[in-house]
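In what comes next, subunit A is part of two complexes: it sits with subunit B in the first one and with subunit C in the second one.
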Partner chain A sequence: MSLKLISTTEVTQGNANKITINPVFSADYKVYCVQFQNTSADTQRENNSMDVRLVDSTGTEITANYDHRNLMFRGYTNAPFDLGGSNRDEIALIYHDKDDNHGNGNGTMWIYDPFGSNYTYHSFQETGSMAYPSSTKLGVHIRGGGVHKANTSITGISFTNRDSYDIETLTCRIYGLKQ
Partner chain B sequence: MAGKLSLVTTTTVSSDTAQVILTGVDSTNVYMLVVQGMYMDGTNQDIRIRFTASGSAVTSSDYDYRHYTLYNDASSGGTIINNTGNIDLSQGLGTSMNNAFNMVAYLHNFNDSSQYSYIIYENIHRNTSQGRMGSFHGGGILQTTGANDGVQILNIGGANISSGVFSLYKIEE
Partner chain C sequence: MPLGSARFGLLGLVASGDLELIQHQSATAGDSVMDFSDIKESDYKAHLLTVTNFQPNTDSKGLGIRFFENGTLESDTVYQFGYKYMDTGTANSLTTSYSRIRAIYSTGNAAGESGSGHSWFYELGGSSTQSYQSMMHGQIHNTGGFRVVFGGGYMPQFSNVDGIRLYPISGTIDALDASLYGLKQ
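Now for the complex of A and B:
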């Protein structure tokens, strides 16, 4: 079959603000499917979210040179709004909330040629539960994509919750796609 | 989807070519199309897709499509096009791997001769002229009945595809 499971990461009752999966991207594949589900934070807040970043071949988390744009359907108004922009310090944002408040993020990223030394691209979709304003629960859907604008070989991916809150739960499966 | 995806055919382009045709849709299953690292030999050339019947592109003005266009440096917007001869998947594209086009798309009802054929797509790309990231999310329809067996990917302005890997997968039951 054409999709091969490379990595499974499961966090339950976590006590870390950042989860890094590295090394996971290699010369074996040029297209990867990253599926994340049941993400949540250990502390409730409105607009709770995780930053997604890439990790280079030295194991360093990359915090610059990302462009990304997503449509965010937050359920607070009927119209979606634009999320992201130019020269960001993250390549995507996953919205969720505290598990006890039914906060939850689920989605798929397709990542293109991360290991090669060209720009790395991804497309992104998420559906989850978040809170806005304050602790008012809302469904959320986000879709879009982004690019890391540097000639860097990427070997991993990281998830960092905002405000230094710990990531309470996270399941991440990463597949390589045979072309 | 995991573990149940079968590669039907793949084409790797490493020198200029006017078009890529992928065929092999021969069941009512959903098929997945993946394009990775595609760029053109000229700037500001959109990439377009048509469906094929018996291996030849359907060029009639029977395509409708709708998508959201997302750019890193501009407000997003919706596009609705009816009765046209192809589906426009991008802004003007780039001419290097740092300004490439990548896409995942799903093909529905292609092998059902009594139904229209449908595509759902999400892509990410970048152009050379502005260094602008674009991401189009949407879908299209070929509003004629009859079986379709694949897709044609091309530029209609005369530009060539210089690079890219194009793969068609069957999503098994």
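Now for the complex of A and C:
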């Protein structure tokens, strides 16, 4: 069997703005599957989201040198638009909202060779629900990918809700793809 | 059963997985192709191919995919694809007549420039099936900028695909690490 569960993180009724999972990436695998489900924030706002960042082998969260590009369907009545850009401080964005407003993020990141001292790429898909504008609930779908542009060994990943809101719920399972 | 045991059991089931490694290969610099010639097409309806750290020897070249049909390489313009790529803008790459589908788009070969991603293949085995690809990858192209590409490819003829070739569009491979998996059903 080639898909091996390495880590399970479950947050329920959370009271932290940031969840860090580290160490989790190692030389054991080249490719990792990060599944996030049932993410939500403790405070409602429009365009509520979490920043996804990587953690280096010293345990330091990396806050620079990311590019990411995505198509975002914010609601399913309009055409998708571009999300992301260059020299960002996050490698991906997970959109969701307060859980009792039914905001919810679910998806998968594939991360390629994070532990190697090379650029780290990922591909990303999310399907969930969010609020825009104001508290109007919409379905959301995001598809794209990103890169950390530095020859850095990556050992972990972090999730940080915007505006210092706490992460209310999060389930994150990380699998290694054996080769 | 205590709740903790139930949860452990469920996670154990997930952990076992049904994705089975068929073959892993690492290219040697100078290789011109990487062939997966025993894909066990009769065992799986879906295959996953991961491609990590592809770098071409010739700047700005992509990594193509061709299929083998009962051992014979299909290199005619029978392939179709529709990919979306996003870098400084967004564009479509569309064709109904091409000699390959793509694993990685044109990638730079300076330090730090490479591409990584994955493709799912569907219905490769069987003489009465057409062959499908769903692809996503990220890369640094030859201007140093990031690009993400995703979409689908298609070989419409009804044939048994029993092999997959990865190859740079021209020149040779400087670096490539790839694994092929079958999704057990």
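The rule is short, and it goes like this: the second predicted complex is superposed on the first by the 177 of 179 C-alpha atoms of A that agree within 3 Å, B and C clash if a C-alpha of one lies under 4 Å from a C-alpha of the other, contacts with A are read in each partner's own complex, and residues count from 1 in each chain.
By definition in this document, a contact is a pair of C-beta atoms (placed from the backbone, for glycine too) under 8 Å apart; a residue touches a chain by one contact, two chains touch by 3 or more.
As the structure is a prediction and not an experimental result, all values here were calculated from the model.
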**Request:** Mind checking the superposed model to see whether subunit B and subunit C fit together on subunit A or clash?
**Result:** clash
**Prompt:** Which of the two partners, first being subunit B and second being subunit C, lies in contact with A:Lys18: first, second, both, or neither?
**Reply:** neither
**Asked** In the superposed arrangement, which partner chain does A:Tyr119 touch: subunit B (first), subunit C (second), both, or neither?
**Response** both
**Request:** Pick one for A:Thr8: touches subunit B only (first), subunit C only (second), both, or neither.
**Result:** second
**Prompt:** Touching A:Arg162, do we find subunit B (first), subunit C (second), both, or neither?
**Reply:** neither
**Asked** Thinking of the overlay built on chain A, is A:His102 touched by subunit B (first), by subunit C (second), by both, or by neither?
**Response** neither
**Request:** Go through the superposed model and pick first if A:Leu177 touches only subunit B, second if only subunit C, both, or neither.
**Result:** both
**Request:** Return first, second, both or neither, reflecting whether A:His141 touches subunit B, subunit C, both chains, or no partner chain.
**Result:** neither
**Fill in**
Dual-contact residues of subunit A, meaning touching subunit B and subunit C, are 1-3, 5, 30-31, 67-71, 82, 86, 110, 112-113, 116, 118-119, 121-123, 125, 143-147, 149, 151, 173, 175, 177-179
**Prompt:** Which bits of subunit B are touching subunit A when the two form their complex?
**Reply:** 1-7, 10, 34, 36-37, 68, 70-73, 75-76, 97-100, 102-104, 122-126, 131, 133, 135, 137, 165, 167, 169
**Complete:** subunit A contacts subunit C in the complex at 1-5, 8, 30-31, 67-71, 82, 86, 110, 112-113, 116, 118-119, 121-123, 125, 143-147, 149, 151, 173, 175, 177-179
**Complete:** In the complex, the residues of subunit C that touch subunit A are 11, 14-21, 24, 50, 52-53, 84, 86-87, 89-90, 112, 114-118, 136-140, 145-148, 150, 177, 179, 181
**Message:** Which residues of subunit A touch subunit B once you look at their complex with the stated criterion?
**Reply:** 1-3, 5, 30-31, 35, 67-71, 80, 82, 84-86, 110, 112-113, 116, 118-119, 121-123, 125, 143-147, 149, 151, 173, 175, 177-179
